[in-house]
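Just so it is clear, A, B, C, D and E label the chains in written order, and each chain counts residues from 1 on its own.
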Amino acid sequence: MDFFHAHQAQHYLVLAALLFALGAAGVVLRRNAIIVLMSIELMLNAVNLTFLAFSRFPLVPNSPMGSFLSGHAAVFFVIATAAAEAAVGLAIIIAVFRSRTSVNVDEFDTLKL
Amino acid sequence: MAEAILFYLFAIGVLVAGAQVIFRRNPIYGALALVGCFFFLAGIYVLLAAHLIAILQIIVYAGAVMVLFVFVIMLLNLKEEELGEARWTAWKAIGLAAVVAGTGVIAWRALGPAYPGAPAIDNASLQTRWGAFGGVKAVGYTLYIGSLLPFELTSLLLLVAVVAAVVVAKGKI
Amino acid sequence: MTYDPNDLHGVLAPLILTAGALLLLLTEVFLRGVRPATGPARSAKAALASGSDAKPEIAAAQPDRRYQAWVAAAFAAAALWATLSQIGEPAVPLFSGAAVSDGFARVVSAVVCAALLLSCIVAYSYLESLRATRGEFYALSLFSAAGMCLLAQATDLIVVFISLEIMSLSIYALCAYLRRGRRPAEAAFKYFILGSFASAIFLYGTALAFGATGSTRLADVAAALRSGGTPGASTLLYGAAALLASGFAFKVAAVPFHMWVPDVYDGAPAPVTGFMAAGVKAAAFATLVRILVGGFGDAAVANGPRGWRDLIVWLALLTMLFGNLLAIPQRSVKRMLAYSSIAHAGYLLVAVASMGTLAPRADAMEGLLFYLAAYGVTVIGAFGVVAIIERRLALSGGGDDLSSWAGLSERHPGLAAAMSLFMVSLAGIPPTAGFMAKLTVFRAAISAGLAPLAIFGVLTSVAGLYYYLRVVVYVYMYPSAKGEPVQGGRLLSAGLAIAGCALLVLWLGVLPGTFATLTQSAATAFTR
Amino acid sequence: MSYVESHLLTLVTFLPVIGAVLVALLPRGEGGQHKGVAFFFSLLTFLLSLLLWTGFRPGAARYAFEQKTEWAPALGISYHVGLDGVALLLFLLTTFLGPIVVLSSWKYIQERVRLYCIALLLLETAMLGTLAALDLVLFYVFWEAMLIPMYLLIGMWGSERRIYAAVKFFLFTFAGSVLMLLAIFWLWSNAGRKSFDYLDLLNAGVVDPATQKWLFLAFAVAFAIKVPIWPLHTWLPDAHTEAPAAGSVILAGVMLKMGTFGFIRYAMPLFPQAALAAAPGIAVLGVIGIVYGSFMCMAQTDMKRLIAYSSVAHLGFVMLGLSALTPEAVSGAVLQMVNHGISTGALFLIVGYLYERTHTREIGAYGGLAAVTPAIAATFLVVTLSSIGLPGTNGFVGEFLILNGTFSSRVISGAIPLAVVGATGVILGAVYMLWLYQRLFFGPPRKAASHGLADLTVREWFTIAPLLIAIVVIGFAPQPLLSVMKEPVDAFVQRVSRADRIPVRKAEVER
Amino acid sequence: MEVSWLHLVPLLPLIGAAICGLAGRWLPKPWLYAVALVSVLLSFLIGLRAFIGLGEDVQLFHDLAFNWFSAGSLRVDMGFTFDRLSGALTLVVTGVGFLIHVYSVGYIDEDPGYWRYFAYLNLFVAAMLALILGDNLVALFVGWEGVGLCSYLLIGYWYTDEEKAYAGRKAFIVNRIGDFGFLIGIFILFRQTGTVSISQINAAVLPLGIASWAALCLFIGATGKSAQLPLYVWLPDAMAGPTPVSALIHAATMVTAGVYMVARLSHLYVSAPGVLAVVAVVGVLTALWAALIGTSQNDIKKVLAYSTVSQLGFMFIGVGVGAFFAGTMHLITHAFFKACLFLCSGAVIHGLHGEQDMQKMGGLRRYMPSTRMTFLIATIAITGIFPISGFFSKDEILGQALHTRAFGFLTLTPGGSAHLTWLGPLIYLVGSFAAFLTSFYMWRCYFLTFSGEYRGPESVHPHESPPVMTWPLWILAGLSVVALVIGLPQAWVHGTALQGWTWEHFSEGLFSRPRGGAPEEFSPYLGYGIALLVGWAGWACSYALYYKRGLAGDEALTAHIRGLRKTLANKFYVDEFYGWAFVRPMWRFARGLWRVVDATLIDGLFVNGIPALIAWIGALARRFQNGDVQRYAAVTALGVAALLYVFLVRG
């Protein structure tokens, strides 16, 4: 357990990195548009985690804001943005689905070359 | 001690659920796994003393956003055969490799050496001018005083999102 | 720390634009299916002529929305005036440093607003003849323009991110706006997926920067870099630099982050494409410069291995090379212009690279702004012409082909001349805006000691000339393939916009002095 | 200097543009009025340019009619124009050919007349501006602006392979000149005081030889393509062959001179050491051009192509003369620029008239025309003699001065063999030109193309007669031209052949 | 002595040419003739007046018309010098020219292009006068090329005939080859002396090497213009032109320009003794070569052409051995009798309606007596039979050759060495043999034409020409007789009034002496004896062969030396050789160069190849953009990874 306490911050950060990787992998790998969208959500959450980890374990003692809560604020905004993105994204997926009854991204290749 | 255990618990939960999200073939399972993932994350947020954010995570994400997802999935209501098999292409492999390499580099070169030794400061128990770290009051102050412009912009963003979603999802134009 | 109402004056342009958008949305609510004497009848004929699959009698019930374009144009003009009126004033930080209103931002906003203005007028004919006018279209255009202006002003990474999203979300929607055929929706989807992927990456960079400095202000980043800080902080910052840079390399379509561009430009409605090419590029480059020069300026150190200058140089090389190479085999003018926009991103990157010197170079800054303006007016005009050619094809959901341009000069001498002018300007041949833009940028590059890059650049521009000339060849030297003139009426307003673009192109080309002095006022934004 | 005197040059330069605007404003129609306006304005330009000749009084800086005003101070560009003797001659040549060209295409061009006239007029202004400019960017602007109208002329009114030829022409020349643009920028950022002004750069002393090499190369390539110097010449035959007669006349008459003019005005004086070092090489290329071009001519079956290649040979003479760096040779070269403009222009005119009548350029299709169209035969004979440099025609004076000056040059190494080999061009020229003449005009008038050909019409006489007169007059009294160009030529020779005396400016690249 | 009227001499014919050429078409014939003839006559009279004006006190008239052009240190004037040499030649040119104009009136009358003809003829006279009078090499070159042009135009006068047109072109191009040498000569002299003025060059001191090169190059020009080996091939073909033209240009005047030039630049040549020898040798070889060919030609004009070539050879022997006066003297006398011969042949051809083949002639003395008489006189003159002009002038040359000292110093070292004294006598021998041949074939020509029986077709009725043509014949014949005066040896006329008339005495001081000095006085009698012998021998041979038998004589000859005859009849196959060795390869080379270098290498590989390559790469790269959004994402990720690597790992 000492190891954990010695490297508390890194643990959180690396976890975030792993989550980010998972999300990115999802974007790259999955054919299903909805799941791709979810993967992007995963990536955003990973970023949130990073923000929060850094605001709890700051590198520099005195931040300009006098507090590290701007990290929390950032997370707040990210959540809002994520919601917005999700809404638009899902709408677009619906639109695509209308034009061709499929949500498999590798079938969207009318535009190429 | 307890933090460590909880961390590993939640961490494993996050990762497993995340893996579920991207490896489940049926999006509905993926969506549920994502909800779970969010819950575990909320737990980790609590460990990070981000109490308000943890709550928001559950309300906004697990609540609102995921409902939207599930709703859309139901709306499209994909048949089994429409889901299609997972295909591997060379480029997927390359992409995966790139992702692993990229995040690996970040973790190994940037995050790893970020804290020489143990973190010097731990804000978990910090009492800010506006109360406990990560508490509603404190974060609120930061939001409304510290970052006014982003906050206002967010409202604009949400409006744009609504209009955009409506325009895109609306019938034929 | 405290909120000062005067700050609103600094963001006047975005405010005006937002107000315009809200107004349009409100008016939509009160619209009834009125049918004025002339409008629908003409539009019905037009619809028939342009092979619209909408039923004329149903269509006739549509309310008359033609005012919307002009309202939007009016607000765009107002915003333009607002920005121009502020040019020359000293730079003021806004909202306790979250944003700034300086010459640089003002010039960029001016470009954006001008682009919006022209695009609205082009869109008018386009949408009307496709009978697809909706208030939301112009509202979203205004929103995205607001986002662009804010991007140009943002000095806080979070603000950058949110403005970016405002801009992007509306653009995504605009791409998917016209859903006849599969192309627009697909374009929007690709743009959306890759776009949010990129913004997630950007956001991660923001997080790392925050970790290093405990703040998301660019000023603090710069300060941290200058002071050196803890070793951990600096590595984090370099990681952040990488991620932020790639986020915006994506937005400015630098190779290898360019892959989305051709598909999206090709699939989106031509007026939107024009606006994207002009506005998004301007805003994205403005932000890129803010982050790299304003935030990471000290990391620029040309000789330092971790300096971003060499990196930008390489990006520029790749972008110029592949942009031009890939444009050569295209047969669709729209797609060709997409690739050419990549190539031009490369030339703009040359300007950015020339800023990567110990003392930020004023002339490079001027070059960038001049180039953005020149490219903007040119490309909007070009896409305006494309829009006119493309309308009927857009309905059948196909793209345009060079053959549909053959002999345009006989059917529409005006259009032909304008298109050729734009092509010449894109190729950078005097006496057009394109040439003066190249002059400013490459001169800066030479002065910054980037001669090899400049040489490579001009050589690729020769390859570029080839495909620009091909359009002129088809327009002027091939006999008209199909005799019928461009159908669908309502060419007037588009013609107006195109003529405006042409005049601007010539004005910037023949009398570049006026605008150049404007850019000079902006060039001092980043003096350290 | 009176107001008129100071603005006359600008007026003459931009007069054609006014004409073009007028043409554009005219209603569409069968086109007679368009040609009329175009002709009127080109003629007016010529007449006014005569004032430049009569009132030519070069100032202290060797330039007359100098005018300098701000253009875009923010970009460091100024509108600075002026003429020295050399430029004046080419300037007059251009205005002189202007009306002839319009008149010559009166009958041939029938569709898209308006565009045609606009292109011609804009082209004229571009060329005049190129000659008058004293600011490097201004020069470059005009230089590039020349391309577009010419491109349209070839591509729209040319013959079968016109598009290939037009694109080739455009790409070739553009590719050449982009590097020159960079070199100009380099000069700007290292000229001590940031300036694009030719005189400033000239007097600022020369840059260090190491860099000079490259800058000179950049300039030289741009001009060499335009000249064209072997082996960069292959765009020329295509362009000449496919272009309409008027286009060929302008191309041969003036545009090629822009290249040689660029050498004598910019490339060599701005980078004297490099030029001095490169002079023998250029001379060799010039000689190759002479011999090679002549042999190319012998291989042709297409008469326009043949004449095009003969231009390569003639401009080889010019380059040889320029690089010999003796007053005789250089003045000969300048004179030869004018001569080539006149005689080759006339050749293209006449060939164009033949083509108008028969629509074939194949030499084999003709024969015995002398019996059918004596006037054409006679005029063509005179022009041929001029182009093979027979004494009494303008061609002789130029070639003699060039060869003699080269032979007696002690500036460049290997002058004597160069002159000797170059002089073989005198023989070869006679071989292919007389061959062409015989194939076209001698023998029995059997060939299909020769039947019932109309002889020169009055209009055509009006286009050719001035050229013939010029040929003979210059042939017998070249001295006025030579004395006009004396001053700049001597200065040029001084500067380049004594390059090492000029102070070297250190090149600094601030980062 | 500076005068301002001298330029009229060449100017008047030029004006005449201009009038005939521009307005001639519309002028009534008589006027045109008047213009053409009067212009020449006037310049003749001016020349005459000037010639008389020359004397001990007035060595020369000089007229600086205007400064033609000058650049740098080069100054070229249109200036004319009229001294005794150029004066005499002026008179010859204008005089003979005038006669031939007169003759032409009769000859060309029916031809539709008569106005062109006279324009060319006048232009020629003008150019020839410019050549003779020009006071600097460039002005001389103007005339030099001008006469070339006129000969081109006049040979190709009947241009509808491919053959004739080709002959004209050949003449011009071969001349151009010579002119190339001439130009180089001028350049060398200018580089050395910085001037092109003949008088200054003749005053300048030239290093041996320079002088030799210059002289040699100029002599190349002379071989072109004066049809010497190896460039003589154009002259026989030049007979395609109208006969009066052949008489004027290709016999009397133009072709002698080379001799004149050498004599003009005697100073230059004597300072390059090596070149002098070359000149002499080339001369003698040409004389022999052409004479040999002349023996076997059947075309009457061809015979005369080859005789011209060989006579020019004699002249070059003269100037070559340093006896410039002898060469020029022969030039003058030759002008008379050769012009006469040609005009006679013209009369014959005219009388036979264009028949030129001697095999179809014979017995013409009955039909055209005066033509025959004059032809006989001229033949006697050219065959060098006492006492007509040709005898003296030719023998003077040979005598000078025999006794010359010029080669005593034949060497390129200024000191000189007496190695080649045998060259003179050798030349003498060969020359004498050539003289014998000349006599032989000229008599052959005479016999075949005028003696025996008429062999032509019945349809053709030979007739005498109109007086306008015969009068010039008589005058020329007379001239070729009286011209003997200028050739009389000093020994005979010493102290008499005639002395002033002899060319040797008259041209005293005009020419520089060769290095070795002039040969000391030698008695002409031995030479005369041999010459007479040679001349009569030639006559005897051809008399024996042809007088009775006519054509049979040829067969008899052929029977003995078939191969040689065939070779001679085919002119040693020189044309064929040139065609095989130079002309055809050149054209083939041109085509090859075009196809390989221009079309394939430069244009194909370099100009079109590079764009093709670029387009190909573009097409390849394009395949990459296949619309698969996940591939795009992957590439983006790759890019990010690369940036991260650069910033975090590499740095």
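Everything that follows uses one rule, which is that contacts are C-beta pairs under 8 Å (C-beta built on N, C-alpha and C of every residue); 3 or more make two chains touch, one makes a residue touch a chain.
Fair warning: this is a prediction, and the values are worked out from it, not measured in the lab.
Enquirer: Can you list every chain in contact with both chain C and chain D?
Expert: E
Enquirer: Look at all chain centres (mean of CA atoms) and spot the one farthest from the centre of chain D.
Expert: For chain D, the chain whose C-alpha mean is farthest off is B.
Enquirer: Based on mean C-alpha positions, which chain is nearest the centroid of every protein C-alpha shown?
Expert: Of all chains shown, the one whose C-alpha centre lies nearest the global C-alpha mean is D.
Enquirer: Sort out for me whether A-C or C-E is joined by the greater number of C-beta contact pairs.
Expert: Most contacts of the two pairs: A-C.
Enquirer: Starting from the Cα centroid of chain E, hunt down the chain whose centroid lies farthest away.
Expert: Following the centroid criterion, the farthest chain would be B.
Enquirer: What is the distance in Å between the mean C-alpha positions of chain A and chain D?
Expert: 66
Enquirer: Using CA atom averages as chain centres, what separation in Å is found between chain B and chain D?
Expert: Computed from C-alpha means, the inter-chain centre distance equals 71 Å.
Enquirer: How big is the gap, in whole Å, between where the Cα atoms of chain B centre and where those of chain C centre?
Expert: 31
Enquirer: Return the distance between the CA-based centres of chain D and chain E, expressed in whole Å.
Expert: 38
Enquirer: Please list all residues of chain A that touch 2 or more other chains.
Expert: Touching at least two other chains: 13, 20, 23-24, 27-29, 31, 37, 53, 55, 58-59, 65, 68, 70, 73, 77, 81, 84-85, 88, 92-93, 95, 105-106, 108, 110-112.
Enquirer: Mind pulling the chain D residues that touch 2 or more other chains?
Expert: 171
Enquirer: Two-or-more-chain contact residues of chain B, please, as numbers and ranges.
Expert: As it turns out, chain B has residues touching two or more other chains at 92, 95, 98-99, 102, 106, 109-111, 114-115, 146-147, 150, 154, 157, 160-161, 164-166, 168.
Enquirer: Can you identify all of the chain pairs that touch?
Expert: Listed in label order, the chain pairs in contact are A-B, A-C, A-E, B-C, B-E, C-D, C-E, D-E.
Enquirer: Once bound in the complex, which stretches of chain E touch chain B?
Expert: 628, 630-631, 633-635, 637-638, 640-641, 644-645, 648-649
Enquirer: Which part of chain C faces chain B closely enough to touch in the complex?
Expert: Where chain C meets chain B, its residues are 1-3, 18, 25, 94-96, 98-99, 132, 134, 136-137, 139-140, 143, 146-147, 150, 156, 158-159, 162-163, 165-166, 169-170, 172-173, 176-180, 188, 204, 208, 211, 230-233, 235-236, 238-239.
Enquirer: For chain A, which residues count as touching chain C in their complex?
Expert: Where chain A meets chain C, its residues are 13, 20, 23-24, 27, 33, 36-37, 40, 43-44, 46-47, 50-51, 53-55, 58-60, 63-65, 68, 70-71, 73-74, 77-78, 81, 84-85, 88-89, 92-93, 95-96, 98-100, 105, 108, 110-112.
Enquirer: Tell me, which parts of chain B touch chain C in their complex?
Expert: 106, 109-111, 113-116, 145-150, 153-154, 156-157, 159-161, 163-168, 172-173
Enquirer: Would you tell me which residues of chain E are touching chain C in their complex?
Expert: That would be residues 611, 614-615, 617-619, 621-622, 625, 627, 629, 631-633, 635-636, 638-640, 642-644, 646-648, 650-651 of chain E.
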